[in-house]
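Labels for the chains are A, B, C and D, by order of writing; each one numbers its residues from 1.
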Amino acid sequence: MTRILFSDKLDNCVAKWRSAGLTVIGPVQEEAISRYAAVEKGTDLSFGTVLPDRSLKELFFPQTEPMTSYTIKKNEIETTDFTPPQGKRIIFGTRACDASGLAIDDPLFGWDYKDEFWFQRRNESVIVTIACTKSDDFCMCTSLKLAPDSTKGADVLLRPIVKNKGWIVEELTERGREAFAIISEYLLESPEPAIPTVIVPEKFNLDTCVAWLQNPENFDSKFWKEISMRCIGCASCTYLCPTCHCFDIQDEGDTYSGIRRKNWDSCSFALFTMHTSGHNPRSTQSARWRQRIMHKFNYFPGKFSVNSCSGCGRCSRQCPVDMGITETLQEISKL
Amino acid sequence: MITQERYRTTVKELLANGSIKMAIGYRLGSTPDRRRPLFIRTSEEADQLVLDSTCMTNLSGYLVTEGLLSDEKKVGIFLRPEGIRSINILAAEYQLNADQIVIFGFDSTGRDVRPLDGRNVGEFSKLLNEIKEHPLQIVKEPLHWRIEKMNAKERFDFWQEEFSRCIKCYACRQACPMCYCRRCIVDSNQPQWINTSSHTLGNFEWNIVRAFHLSGRCVQCGNCDRACPVNIPLRLINQRMANEVLDGFDHFAGLSPTQEPVLASFKKDDTETFIL
Amino acid sequence: MSELKFEPKIVAFVCTYCTYAGADLAGTSRLKYAPNVRIVRLPCTGRISPMFILKALQKGADGVLVSGCHPGDCHFTHGNYHARRRWMVFRALLDFTGISPERVMFSWISAAEGSKFADLINSVTEDIRKLGPFDQYQQLIKETESPATL
Amino acid sequence: MAKIGVFICHCGENIAAKVDCTKLAAAMGEHPGVAVSVEYKYFCSDPGQESVKKAIRDNNLTGIVIAACSPRMHEATFRKACAEAGLNPYLCEIANIREQCSWVHTDSDMATEKAMDITRSMVEKVKRNNILQPIEVPVTRRALVIGGGIAGLQAALDIANAGQEVVLVEREPSLGGHMAQLSETFPTLDCSQCIMTPRMVETAQHPKIRLLTYAEVESVDGYIGNFKVRIRMKSRYVDMSRCTGCGDCITKCPAKKISSEFDCGLGKRTAIYTPFAQSVPNMPVIDTASCIYFKNGKCKMCQKSCQLNAINFEMQDEFIDLEIGAIVVATGFQIQNTAVYGEYGYGKFPDVITGLQFERLASASGPTAGKILRPSDGKEPQNVVFIQCAGSRDPSKGVRYCSKICCMYTAKHAMLYAHKVHGGKTHIFYMDIRAAGKGYDEFTRRAIEEDEASYIRGRVSKVWQENGKLMVRGVDTLLGKPVTVVADMVVLATAMVPQSDAKEFAKNIGIAYDEYGFYNEAHLKLRPVESSTAGVFLAGACQSPKDIPDSISQASATASKVLALFSKEKLEREPVIAINNEATCAGCWGCVLACPYNAIEKKDIRDRSGRLIKQVAFVNPGLCQGCGTCVSFCRSNSLDLAGFTEKQIFAEVMGL
């Protein structure tokens, strides 16, 4: 027997969680895009899309985050730190790739300095992943040795049952159990079978690719130039990526007071590595694209033993010139 | 299909006889409805050329890639009329030598693709003048009507809502053939005129300054609008500014390779009814 | 709390040869006008970039005035003609994005028009007072000062 | 770390009565970066200035703000004080709290608040001020005068007489210009040649003047004080070092029926010729278009006749390169082609002539030796009709402007005619009589009252021929009826227009011109003799229609400008100029187009091997006037304006 959360009870659950002080967040279809956003009612949630346009990352690592406000006084500089936001929240209906992304970035944000903004939010969030029953041409979790029902990063895994009537609940962590205890009255024991998880075909052989990338000779391969020739150098792939985590610290304000902020930055930009002298060690777009791939599949795993990619495919899906990790690794596989 | 085949042959011929060193066109993308830029240097690559009504991207921005034109050899490029106008502006702003560009012009109605006569940008001046005089009736989308009915307060709220989504990925800028600056003003930090942070104020400043910098230069190719991953209707602003310079200064961006930039020139009798 | 009267904040960008001199003339003529305006002196209206206007708004201006020499009077022969084009375009852009032309105004004031300067400052101040504070823009500024949500 | 001094002036009671200076000083004293904040009754007084200087020295201030009257009053005073105290004068800013604060506001609290904003924003600005040094441009003390008419001669002589070198370029074979063609001049009726010729001779003989006739300016590069000018010496086919001007060649030349330009087609000349008898230099040139040898390869009569072997048919154009410090453009005017007025019959009826042709008829050295004889049959005309504004003030066919001299010369013509043809009758059709000038109105009154010129206020619609007479149909608007006047000769007061190549020439030397092609002055009122390009000055009718006294005054004015420029070895200029960041410049050249002074050039950036990498804008410090129009155009923010930099203005606005 399995416990089932029926969709018609979702409204009740949302109300219940909210009254227990949790902010409820989930996939929302807005007029222009879909993304994870706070909702007041269960019916505001939308589970129809393969994947929200924007990734889960931004709920933990927002595009701009004030850290400290400062005022330059006559003899000293007064500063007031922003504290990481307090408050528990439940993120209901993430995709496995998005949830995995959080787990991938955890070691990064904690290996020497513990980023309090990231971990405060991580500790206060319950991640409820819904296993995928649909995929599109860009999904590639399986190629990354993950799966549409991967539990990585999740506190609870839900498996949809037929006719979208609800989800089979698998509590994975203590945090997940606590959150679902709040709505236990709406969880029913029932023998409904789960819809089979979607089969995402494998697009490339990761091991082959990694081996190629690790071979120092290939750093200067002309492959990089060919594959990135059409790259226009925008940051839509990095900013929509659930694992890309680069940021820049900026002081912003008038001449004697302002706010120090943490802003997203991207290795796609020429300015990312530009030195004050004017010299740029990554002076070409191909060097920047190579860095992105190397970082995700060579340097990052070298340090944290995990690839910095969860296979969501947003980089390819959104690319203005139809590039992406998929194509690059596919081409590397063929080399 | 006929157009595509003919152009494949032409490109092969021109490559073979050394008239061009490369042609920039389109090929199939990762899904059936996608086309991606293609750099043709060999006959085999020419066989990958696809030309159909879904080829929308204005490829002219690739021409200003550093070093591409510095050997003074010619480069071919597939362009819709908007793209041809881009070439004119790039030439007028000294970013390229128009004589180095071999244009493979095309346009489409519905699913039909037809070639445009001419190879050098100058040969399209009649066509472009016709477009200026008889602009394609832009089908007004519901958003147009909505914005037209708004008062200033509502328009402000509308745009702030749109800009609040912006993540400052600069896909609009990178996709735009006109954004060829070596250093964008948003990346200039002494002083930092535009807040780099992606809060709504910073997003507003960025988008409005980009629109200003494109005024009189935008050809409405739609690259920015298509590139925007968060679907901000940038086309509406650029269209509005194009109308403004056309009505105000009779300036139709990209009409000729010697056209004076509208904001670097003036007429003594320019309208000034708004000045107190 | 007592009802505080709204005092508009107005920033004026002016050229030194005409409008700044006109403002000086208003002073030497001891004309009285509203104290709400802050003047930024530039060599020529040609030097006035649209960025200045945006920064004035960011500093909380409820209205911005840009002013220079009449056409034909420019000390630099045609800086003001260039400025006029930019203004027209930028003004249309602001208007389209919801910043009413009533908040960003342009004028020609010569060095001899001290009284025009005083009158204009008075009328602009009153107009902005009627429009009220630019709450919408100030809301944007406030947002930048609040912690990231969620 | 900034150490700013703030000095708040009471200006007696002028500021202190409205602005709480003590509060202001206290508040500024608390502002970051402010080391000194003091108030005083009169900072502009000697003790006031001394206290500022002392504060600068005692505190090692890095910048000062004087909160006082307008910078237009005392900026120079306090900058000087700064310099005397060892602080760069450009590290001083003025906060205008008098003209723009205390004098114009009634509410003391609000005025104080405003004064604080103004002062604070200037403190923020001055923190970002840079040390600037006046720009020094070396000056080549040699002037180029282009045009050998009366304006050019006057400018050349004035400059040369002051001891400076002059190169005078005239494209015709002789000096003289239009003035040499005139018979008598208004309002004195003295002989034009008589006052002109001595000037021409003086110029030619002047030790400081290098005269280059039959020469044209080929190109002008460089900038004020440092122009590089290339002159094309057109081949005369006469070796000037050998020719003595004996005139034997001219007498022997078989091609004698060539219409004389100098006589406006009323006289004839030879193929080897001097334009007129008093030509300076008095050395002939060969007109290759008319020369029989150049056309047929046979003749060489002139060469045979020349005892001095001065004739050289192989001569080629030569180029002279000159270093020049200042240029006076005095390229003059031409008269409008009257063919546009078909109804006046010019060209169709030989006895319809232009005013300039009449000058030649009336001139003692002219084709008729000063007798007024009509071109068709050489008879003395008994009735002459003058038509004024034959081109001027006529937007439909002619030009919109007034040619300024025609009212006067038509009156003069009527008088000359009356003096030469006793009993002759003159009718003058006019729109208005514009006779503003010393002795001018008196002169036209004389024409009417003493010489019985009959003025008819109205325009002429048609001139036709009937029974050997010219019939002039016009309207007398004062009587309100049409009139027809029978005439033996009709004289048209044609419009003065720019030289036909005026625009091309302006582009060549880099100056601005108006819709007609007259050259634009830098400022119509304040800088009427300077062109838009620093170091290039305008004299005479190339700028707008002018009479002789005006041309000469303007020429002398240009001379004084040139001499002022030459008074020092180096030209010192305010360092408020644009500068370009070459690393970020994209080379779109919008700035080049926007610059009112042509101060922005294209500069090549090359790598070590000399390969061209890119071109960027370069602001010529000699030409930039510091308006900043280029800066706000520059999309990449590469250009900036010293003294009003982006950083300074940003800080100023952010300090408000």
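Here, a residue touches a chain if its C-beta (ideal position, glycine included) is under 8 Å from a C-beta of that chain, and two chains touch if they have at least 3 such contacts.
Not measured: the values here are computed from a predicted model.
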Problem set entry | Intersection of the contact lists for subunit B and subunit D | A, C
Problem set entry | Pair joined by the larger number of C-beta contacts - A-B, C-D | C-D
Problem set entry | Length of the line joining the C-alpha centres of subunit B and subunit C, rounded to whole Å | 34
Problem set entry | Distance from subunit D to subunit C - Cα centre to Cα centre, in angstrom | 37
Exercise. In whole angstrom, how far does the Cα centroid of subunit A sit from the Cα centroid of subunit D?
Worked result: 69
Seminar exercise, completed: Residues of subunit A that touch at least two other chains are 64, 252, 254
Exercise. Of all residues in subunit C, which are in touch with two or more distinct other chains?
Worked result: 50, 55, 59, 72, 78, 82, 86, 144
Seminar exercise, completed: Where subunit B touches two or more other chains at once, the residues are 185, 193, 195, 197, 199, 202, 263-265
Exercise. Chain contact graph: line, ring, star, complete or other?
Worked result: complete
For this session: Using the touch rule from the top, collect the residues of subunit C that touch subunit B in their complex.
Result: 50-51, 54-55, 58, 71-72, 78, 81-82, 84-101, 105-108, 120, 136, 140-141, 143-144
Exercise. Across the complex, what residues on subunit C touch subunit D?
Worked result: 7, 11, 16, 20-21, 23-24, 26-28, 30-33, 35, 38-44, 46-50, 52, 55-56, 59, 72, 75-79, 82-83, 86, 118
For this session: Please name which positions on subunit A make contact with subunit C in the complex.
Result: 23, 25, 38, 59, 62, 64-66, 69, 82-83, 85, 89, 121, 252, 254, 259
For this session: Using the touch definition up top, name the residues of subunit C that touch subunit A in the complex.
Result: 59, 144-150
Exercise. Where on subunit B does subunit A make contact in their complex?
Worked result: 29-31, 34-37, 39, 57, 61-62, 162, 165, 167-171, 173-175, 187, 192, 195-199, 202, 223, 226-227, 229-232
